[in-house]
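Please go over the structures that come below.
After this come two complexes, each holding chain A, first together with chain B and then together with chain C.
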Partner chain A sequence: MNPLPEQWRMIVPAALGALAVWMLLPRDGKRRWVLGSLCGLVALVGVLSTVRPVIDDWAMDGLFYLFGGGAVLSGVMMITDRNPIYAALWFALVTLSTCGLFLLNAAPFLSAATIVVYAGAIVVTFVFVIMLAQQAGAATYDRRAFQPMLATCAGFLLLGAILYTIDASGRGGEDARPQFLPRVQIAEVTPNPLSQPRILNEETGETDLGSLSSIGRSLFGDYLFAVELAGTVLLIATIGAIALAPRRAQGHL
Partner chain B sequence: MELLKNPLIMAGVTIAVVLGGILGACSYLIWLERKLSAWMQDRLGPNRVGPMGLLQPIADGGKFLLKEDVIPDHVNKFLYLMAPCLSLITTMLAFAVVPFGPVSHAPGDFPFVIAPGIDLGIVFVFAVGSLAVYAIILGGWASNNKYSALGSLRASAQVVSYEIPLGMSVVGIALLNHTMSVEKILMYQAEQGFAGWNVWYQPVAALIFFTAALAESNRLPFDLTECEQELVGGFHTEYSAMKFAMFFLGEYTHVITISFLTSVLFFGGWHFPVIAEVGSPWFLKVGVLLLKVLLIIVLIQMLRWTIPRFRFDQLMGLAWKVLIPMATLNVVIVMCVLEFELPRFWLLPLSAGLFATVGLISTQGSLPQRSLTAAPTAAHGHGH
Partner chain C sequence: MISALESQLAIGAILFTLGAIGFLTRRNLILMMLSGEMMLHGVSINLTAFGRYHNNAAGQSFTVFVLTVAACEAGLALAVILTLYQRRKSLDVELWSNLGEADLTREVEPAFPAAPPPHEYPRLTPAGAMPKPQAPTVTAKTTT
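Our next item is the complex of A and B:
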């Protein structure tokens, strides 16, 4: 294991980012937004020196920076914006940028489903609630962040841990092994033939990886138990919602 | 010609053709709608500009451009201006995977679809279409007007609810045709001939799809977001000139897109027995497809003056109590037929049975509710 100071490539950008977010979080009085955004930019450039896409295609690279940078910037804007409507819209942008990253990684169905569920339904519900709740303008306690110091520290500790793990697994070797699992030799598992990508074209080696049918086979092959479990949880939630909903005398809305 | 083999340039040409076609079609469909409305209400309709009012769309367009561009005080200017743009962008983007002729993947051929070979197909249309609600919500909220806000509140509930039956209605199609790609669904039907049209196997799904798509486009009888009698103009009360025109254009593009999707998914696309088979020349196929689309658009326009607007609880009840259970049962029927390898023609009587059962339940179920509202205790429920 490396001692902490050797990890400065990760620690410095994470600390700078934390500083930036802490300075930009809404509070009473003036925010030091120039210094904050400068710190944030330096942190982003610093992170870029360690994690960057390995592909060497200018179009793909450009799209990656567009979506990745868009997601990070919109995320910061979402938590630092004072106006809740704008915060909800920044959240929608975060979702859309993430969906762009999914598309770049050959997961079109995941990206479309995320757009439908998050940007198209959940954020719309948020906006709906905000429009109903904030008609007279935001209250003072809504204009400043609650516990900005604690929130920033906790968030960026987690982020730093994730960055470190990604960096370690990228380097491979001894570091890439799972740290907290017993190191037993895992028996060779025969892959499930149902979930293997099928070859569509023998000559070009084209497979149906990432297409809808391969996702379907994977969901109902490898992940059948998880899918059924999620379905049951949703069913229970639906029953609970119906049970909790108030009954009116007229039986109408 | 060599230049056209570049996929980027070909995509640009296709986009230009689609954009020009849709903008022109929109203006003349509005003329057609006004003429049809006039005919159905025993009026004359536009008849002053040009013969039979044929130049009316051009006059309207000129007026939209030249009119004073009013931005009211106390509006959230950025969101206020962004909303009409969003309306147009999302509806135009949804058209990217809709084939408007015989799709070709060969380089140098006109592809007849902006983005050929998208495996997601119909899911992409739903994903982009679900973003269209932002235009209405933001427009209504940013206008700083109670009528607009009410319209956009209704819109958010309506669009989110109707997305569910819309998505579920095409699951049966996807199961039967083994794909979600719009162009592949079209080819599958065309190769099977007249008996392969999906509407023979999925009539209930076609009905659900058409109803839900109509509700998504906020057309009458689902135009609760802008009903003039209650909300002045709904979410676009404060919009004038070109900004209003963009909202209108977005709505009409949506109508065109759902008409294309209905004819491609359920009515065989460009296929018609004898006239346009698989080997026919391209102009026959395009002609047949456009004719089908025009028929569906005329149907939508006639529905406008045939069915009165829903009440809001009826609207929600239709989505959650009728369309969603019906779509679920329809998917179960398709799965049963496929799993037990029954012949496909069983789907037609089974769908008809489903429709009859739903109709019977709805007539039975509404009786006790009516007696409940008439009960004297109900009057105390309001509290004011």
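Our next item is the complex of A and C:
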């Protein structure tokens, strides 16, 4: 078993990150943003040096650092920015970095779909709503965070627990995995051969995972019922949004 | 040794946590909604990383469903936010913290003092330069 102090490689960056986020959250008066940014950068470098990818391909590693670090930095900037318009734009950057990680995970179709749905629809719509509803100048509710200390402590306790589990299951190999519960023997299920990714190249083991035909075979083979349900959910959500939306006759927005 | 899977899981966990903190601390309705979307991003990274790890398209299919639910959620949240804004003319979520009866006592007192009322300028014929507002006050909402 690992005592707690031996886990300093995960605990110290988590604590520094919590300190950084707590310092950077909007509040009355001046924020110590220089100290907070330094703490955050040290924490990010610490985490990324601990969980560095071992792909032995400097291009893939560099792209992972670029997209992963970009996603985390943009996320911190999004939740700490006082201006909601800038926060929405930082969220668009988070989405772009996430799409880069999707590309690294062999999911080009998902990457494109996420850009279309999020950056093309959600962010633009919400920026318009912010511009419609924004009062002149920065509103007071954007300048004061609600219970920053409690929320930061809770969030980073959760993050520390997750990182501890990832680290513990990744370090010890096969022996360290059943740390908390004995491994349950799962019944062997033979996968549907139609929905498995097809092997394109026998020598390199390259498959068509992530291509449109692979996702389509999985969606309409294994998850056909779920696809129908998702379509129904979309229809119901559309009807609900139309029913809930304010009428212009009762007063324009 | 930590392989490529765990690094992706760590990024997903960090994004999820940041989204949770944003959801808990921000008081703007729209930013709370966007923080929830960031939590969904973290989950999606986890799903595609596991799909890549097991060489299986199921993770990407789940991510498609996550996208579907996110789109539905965005549409519904937009309608609800617009309705709430129409009622109170503000995006502050604190205004909606007391949904019960008006004569019931609140168990949790607000942690910070109430915001000062916005400074109202007298409505005169505009002439000359606009006076500079004091630092802590909020300028009145400009109509037309």
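Following the convention adopted for this analysis, the second predicted complex is superposed on the first by the 212 of 253 C-alpha atoms of A that agree within 3 Å, B and C clash if a C-alpha of one lies under 4 Å from a C-alpha of the other, contacts with A are read in each partner's own complex, and residues count from 1 in each chain.
Basically, contacts are C-beta pairs under 8 Å (C-beta built on N, C-alpha and C of every residue); 3 or more make two chains touch, one makes a residue touch a chain.
Please read all numbers here as calculations on a predicted model, not as lab measurements.
**Student:** Which of the two partners, first being chain B and second being chain C, lies in contact with A:Thr125: first, second, both, or neither?
**Tutor:** So A:Thr125 meets both chain B and chain C here.
**Student:** May I ask you to decide whether A:Leu234 touches chain B, chain C, both, or neither, giving the answer as first, second, both or neither?
**Tutor:** second
**Student:** Could you look at A:Tyr223 and tell me whether it touches chain B, chain C, both or neither (first, second, both, neither)?
**Tutor:** The answer is second: A:Tyr223 touches chain C but not chain B.
**Student:** Of chain B and chain C, which one touches more residues of chain A?
**Tutor:** Residues of chain A touched, chain B against chain C: more for C.
**Student:** Looking at the overlay, what does A:Leu244 touch: chain B (first), chain C (second), both, or neither?
**Tutor:** second
**Student:** When the two structures are overlaid on chain A, which partner does A:Leu212 contact: first (chain B), second (chain C), both, or neither?
**Tutor:** first
**Student:** Who does A:Gln7 touch here: chain B (first), chain C (second), both, or neither?
**Tutor:** Touch partners of A:Gln7: none, neither chain B nor chain C.
**Student:** Given the touch rule stated above, what does A:Ile115 touch, chain B (first), chain C (second), both, or neither?
**Tutor:** first
**Student:** Examine A:Ala145 and indicate which partner it touches, taking first as chain B and second as chain C; both and neither are also allowed.
**Tutor:** In the superposed model, A:Ala145 contacts chain C only, not chain B.
**Student:** Return first, second, both or neither, reflecting whether A:Ile79 touches chain B, chain C, both chains, or no partner chain.
**Tutor:** Touch status of A:Ile79: second partner only.
**Student:** Return the residues of chain A at which the contacts from chain B and from chain C coincide.
**Tutor:** Touching chain B in the first complex and chain C in the second, residues 109, 113, 121, 125, 250-251, 253 of chain A appear in both lists.
**Student:** For chain A, which residues count as touching chain B in their complex?
**Tutor:** 85, 89, 92, 108-109, 111-113, 115-116, 119-121, 124-125, 127-128, 131-132, 211-213, 248-253
**Student:** Using the touch definition from the top, list the residues of chain B that touch chain A in their complex.
**Tutor:** Its residues touching chain A are 79, 118-120, 123-124, 126-128, 130-131, 133-134, 137-138, 141, 149, 152-153, 156-157, 159-160, 163, 167, 178-180, 312-313, 316, 369, 372-373, 377-378, 380-381.
**Student:** Under the touch definition given earlier, write down the residues of chain A that touch chain C in their complex.
**Tutor:** Interface residues on the chain A side: 17, 21, 25, 47-48, 50-55, 64, 68, 71-72, 75-76, 78-79, 84, 87-88, 91, 94-95, 98, 101-102, 104-107, 109-110, 113-114, 117-118, 121-122, 125-126, 129-130, 133, 135-137, 139-142, 144-148, 150-152, 154-156, 158-159, 162-163, 166-167, 169-171, 191, 195-197, 207, 209-210, 214-215, 217-219, 222-223, 226, 230, 233-234, 237-238, 240-242, 244-246, 250-251, 253.
**Student:** Spell out the residues on chain C that touch chain A in their complex, using ranges where they run on.
**Tutor:** 1-11, 13-22, 24-28, 30-31, 33-35, 37-38, 41, 44-45, 48-49, 51-52, 55-58, 60-61, 63-65, 67-76, 78-83, 85-86, 90-94, 111-112, 115-116, 133, 138-142
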